[in-house]
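One chain, chain A, links the two complexes that follow: it is found with chain B in the first and with chain C in the second.
Then we have the complex of A and B:
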């Protein structure tokens, strides 16, 4: 089993590397960093523009393959992703921003998975009863709502709530309040207050999608003969559902978790932008809109590594749940 | 999925496997038993599912509104009324106006139409790709499967939305039709994985073996025996795919990377409405309502359809 997982990890690492290189080539081919410097008044000296993009290694006049080679060489020899068009180091910038994003993503995705599986199983077991209907309709509405719309609606509600209480209980602009005393408790309270809305949004959106799939899988399992057999041999309904039902119905979910992680990542990207967090989400959107090749590649690398980790975790979970994989 | 034999036969009759295929190519169903055909069963189940009709009616109404809703309105989506800037909904402007006096009713109408067209085509195209790739990989196995899985994993290492983001600057010069292709091209992978897994479990079942030993060709087996058995999954997914494609389009447009002016979509309208959402709610609420209402109705319809098609989870289940 260990060798199986190791093999998968090596596979994913190779894929991540290839994906990052492909992302660099893609962005190099499609983005034109000089556009940022053109059309200014007074116009910039063309030579200084060329010098700037040459220094960054993103001159669109140099063939893509040549630039990719230089970029790879620098990545391997110096371990550097180059500099952004604002002349900061891409890696340093990413390390500084990753913490905020990871906090939201990890908390949000774990809560979403747990809530989604629980609601899905519950809905399947209580099919067509009141609880199932409520969960079902709530998740329909949530799946149909883009994360940024949900974010804005939560902000409007929070503004109302704060106005009703008469105090700024929920803070939703930025990841923290500048000037909060550096002691542990005020910091924690401030962070939690800022995290509240984005985390609620991310959890609800993730859980809505997960619960649909989980309910669907669980319904298929509930009809299986082995559940009837388990009941016939004397297991209680609850025991049969847990030992034979949920365990089987969760197996396909582990694959779904890994591959829907990208959706959560995109969702958290939007939420970061909507709630003005200065995390990787803003970094990514900025990089793309400003045609910043090096920064965009860095953002893709960050996303690819996160997907790699989540895929590996889901492989381990899959192997732990499904005995067929282990042999 | 536990009683596939009910569903594998093309005609849908739960009869003895090989015999029911029949020697005659133009075998006709007796008119006296309309209730046993697959379509009739689905129809009968749908009749007892009010939520299907609720979802479908809302969706049809929204589509009709998107197509013909602006006829009674004297303003077009691009018209500006310089005497009504940032006005609340009134008899003159039913959904109010934005900062430059454009009529929001006409804009939401036009935006919904664009979003619907993009979503419908991109969603269906994505699911079709997923069904073909997933079932072929799962059924053939071996080298084909390895290559396809590797390719899917490769595409999945980058979250689809990131690839969309990277492509978006290149799309700026192209029309909104390019968005359909791009969204479809990067939205089939997850479904293909699930279809592949389901196909693998079906491959060794008796009815598929029987079909194989009878000498049916691989495309026929996949089309007649594999795909009908993953149909419930595909239908749920095609519909969720339409929902997902509209969401992808609105998200891209929200960040200025999708539909470009002078075209409007719900995404560009939501983006324009966000800054004033708290003080002038109508600029945000109407596009948001149109979007959420349409997509919710679509999801509800899909779910009812799933229950109607899948006999093992149907309303008749104890």
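Then we have the complex of A and C:
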């Protein structure tokens, strides 16, 4: 079992490496960092532009393969992703921002999974009843809503709530309030207050999709013979469903968690922008809009690592739940 | 159960007052549906006494399973259930789920048909047995429950129970899973065990084992058994009393002897005569029961069997007969115990009883085509020599290592002549399907040769191979799964011709011709498969195979998915087609009675090899290989008299994994003969792999085939030879004086 997971991890590491190299080659081929310096008034000296992009290793006049070689060489020898267009180190920049993003992503995806599974099971058990219809329509509405719209709606609601209470209970600009005393409790309260809205948004969007899948999985399980066996053994319907149904119905979800993690990541990118969090989401969007090859590659690397981790976790979960794949 | 030769369990009749355990009175179950209410069960009444074995027999859709599920209170909430179900004088209908849950698994337990899906795949078998123990005795400690679970698994014959209890269902074979299900069913010493088709998904050898375990369970717990089945053979061998269901209601009930020897309802008569019987098969034609059961959402006023009944009179169409006692002058209804006498729901039962209508004439045996002379010198249409198909067993994701070989087919040879039928039999996993797939693939085999019409398929070009496919066609087991539901019959039946590139006119002509051949109306060509009954669908499958005018038909379990009453018609059709069109069949089946009926020669396969081969009559009358002996002895005969006199050779365990390297005789670990041999003889079995050798008309791969009388005479007097072909036919047709 352990060796199986190790083999999968090695497999994923190789994939992550390939994805990052491909990302570098693609961004190098299509992004032109020199445009940022052109058309300025007064115009910049072309030579100094060339010098700057040469230093960054992103001169579009150098063949892509050659640049990739140099970039790889630096990555392997120095462990560096190069510098951003603002002359800061990509890796340092990412480390500084990753914490904020991970806080949102980890809490959001775990909550989304739990809520999605619970709603899906509930909807399946109450198929065609009121609760099921409400969950179904609500999740379709959410799935059809763009993430940022949801974020903005939540902000409007929070503003009204704050106005009604007469106090700034929910804070939704930035990841924290500057100038909060550095003691533990005030910091925690402040962080939670800022996290509330983006986390709710991410959880709802994730749970909406998960609940649909979980519902159909659970419906299959409801009619399974072993549920009938459990009832014939003397379990009540509810007890049979919880003891024998849910675990089996969650098994295929673990794979879906891994696949859908990318969607969640995209959702959180927009949410960070909407809620003005200075995290990896903002970093990614800046890198792309500014044609910053090195930073964009770093952002792809970050996403790839997260997908790697979530896939590995989902495989471990799968094996833990299903004895049939363990051997 | 440890012994290889076991005497059939006698009926366990309790010595004390035999009070009723279960009384079902006027039970009706209706499923409301938009197209109309489906009346799945209509006014069903029966009683099961303490320790009694009641079999409820019927075809699919007869309402037998729904009745059992209603007793357990496990029907979906949409079902409307009326009537009364009393278990030990407590009414079960209307009881809350919670109150019923205290009875289920405790006083009433249930064994289901498919033991793979009935067990939870993610919990160990031991845990699932412990669960039922702890559910009904909350004070049981986990350690005590787990010890008791192991003990129960040992009781039902699971070897190495302590270790196997920690295994998961997917690590168990089908027979072992069903044993585990029985262990759960007897865990709390119940008063009633409901077994819903418990052996239908299993091989005949395993079926015999499981029925023994069920009888043993009944002996241990003293529980009554309610067996739901379609298999009359199993009923004859095990039940005390029988209720026959048709179209949602009981049409006849009585003791097993009454039902088998003096049936008074034409449906029962027809059912009994349509079953291929090992003792009579091959000597006479089967009697088909034409037509299909009525659909339960639009039942007319009369007897539901009237449209299929040869004895139908006007009254049958107007008024449904009630289940009334027959032969009252002889037995008379027992006071205070209604529904326990021989009763039939038929207006003409009194005439059958008095002898005014002779039972044998109700379903006359159809005349066979002119006596078959199977020419042994006919041209050879299919010749398989030393065919081998091994599958590598690999492990590892990146670098695949070969860790073993599945020897699916391991040196099989046979010859099929024009007009002949070769029966290929064996337990599931013995390689019979792989063998026919290799033939159908027409590619160069891994080893050995396949010659079709004298041509070695390994040397064919692509075009020649496609052309040769005309000559070899196939009919599959499940007619519904084998027909695309979105294509009309014309396209389905003509498909092999389309693949051969035939022109439209030819195709439509052949479609009409073949539909006619299989007894369907050519005007049905524009319909879709769902408009046909099971038997008709299999006829479509046969028509499709015949469309290219083939010389060889490969029939892969062609009747095993069909109801008994429909099987007979399809088998008769296959016999007729073979004789009229000069076809040759490779007939793969696990039902030895069906093979006895249709085959000329039989090859018995075990672990990828043929262990015995020869003409059908001597092979069934006096098999030489211990495996064949055991297989034949495991087949239940639908005749209680024959069953009572029979001694079974029970095989221990399951078919072993075909990955083992052969060393000595592959059958040795399960061989009943090996166990009674002396040490000298045994050492030969261990060291030397037996080759097929001639033994009179047969060939068998056994070193000690000459000594197989040890099995017959040694432990059991009656022997395993097929009993003389008497009993069933004569006795079912005779009228009680």
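Assume the second predicted complex is superposed on the first by the 325 of 327 C-alpha atoms of A that agree within 3 Å, B and C clash if a C-alpha of one lies under 4 Å from a C-alpha of the other, contacts with A are read in each partner's own complex, and residues count from 1 in each chain.
Methods note: a contact is a pair of C-beta atoms (placed from the backbone, for glycine too) under 8 Å apart; a residue touches a chain by one contact, two chains touch by 3 or more.
Keep in mind the model is a prediction, meaning the values are calculated, not measured.
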item	value
Touched partner set for A:232, first chain B, second chain C, both or neither	second
Partner chain(s) touched by A:321 [first = chain B, second = chain C, both, neither]	second
Contacts of A:159 with chain B and chain C, given as first, second, both or neither	first
Partner chain(s) touched by A:300 [first = chain B, second = chain C, both, neither]	first
Chain B versus chain C as contact partner of A:224, first or second or both or neither	both
First, second, both or neither for A:118, with chain B first and chain C second	neither
Residue contacts with chain A in the superposition, chain B compared against chain C	B
Partner chain(s) touched by A:7 [first = chain B, second = chain C, both, neither]	second
Footprint overlap on chain A, where chain B in one structure and chain C in the other make contact	11, 224-225
Chain A partner contacts - residues on chain B that touch it in the complex	1-3, 153-154, 156-162, 165-170, 189-190, 193-194, 197, 233, 236, 240, 243, 247, 250-251, 254-257, 270, 274, 277-278, 281, 284, 288, 291-292, 294-296, 298-300, 303, 306, 312-313, 315, 317
Chain A to chain C touching residues, read off their complex	4, 7, 11, 224-226, 228-237, 239, 243-244, 247-248, 251, 321-324
In the complex, chain C residues that touch chain A	72, 74, 97-98, 101-106, 109-110, 112, 114, 117-124, 131-132, 135-136, 168, 170, 181, 184, 397-398
Chain A residues touching chain B - in the complex, by the definition given at the top	11-12, 15-16, 18-19, 23, 26-27, 30-31, 127-128, 136-137, 140-141, 143-149, 152-153, 155-156, 159, 212, 216, 219-220, 223-225, 252, 255-256, 259-263, 265-266, 269-270, 273, 284-285, 288-289, 291, 296, 299-300, 303-304, 307-308
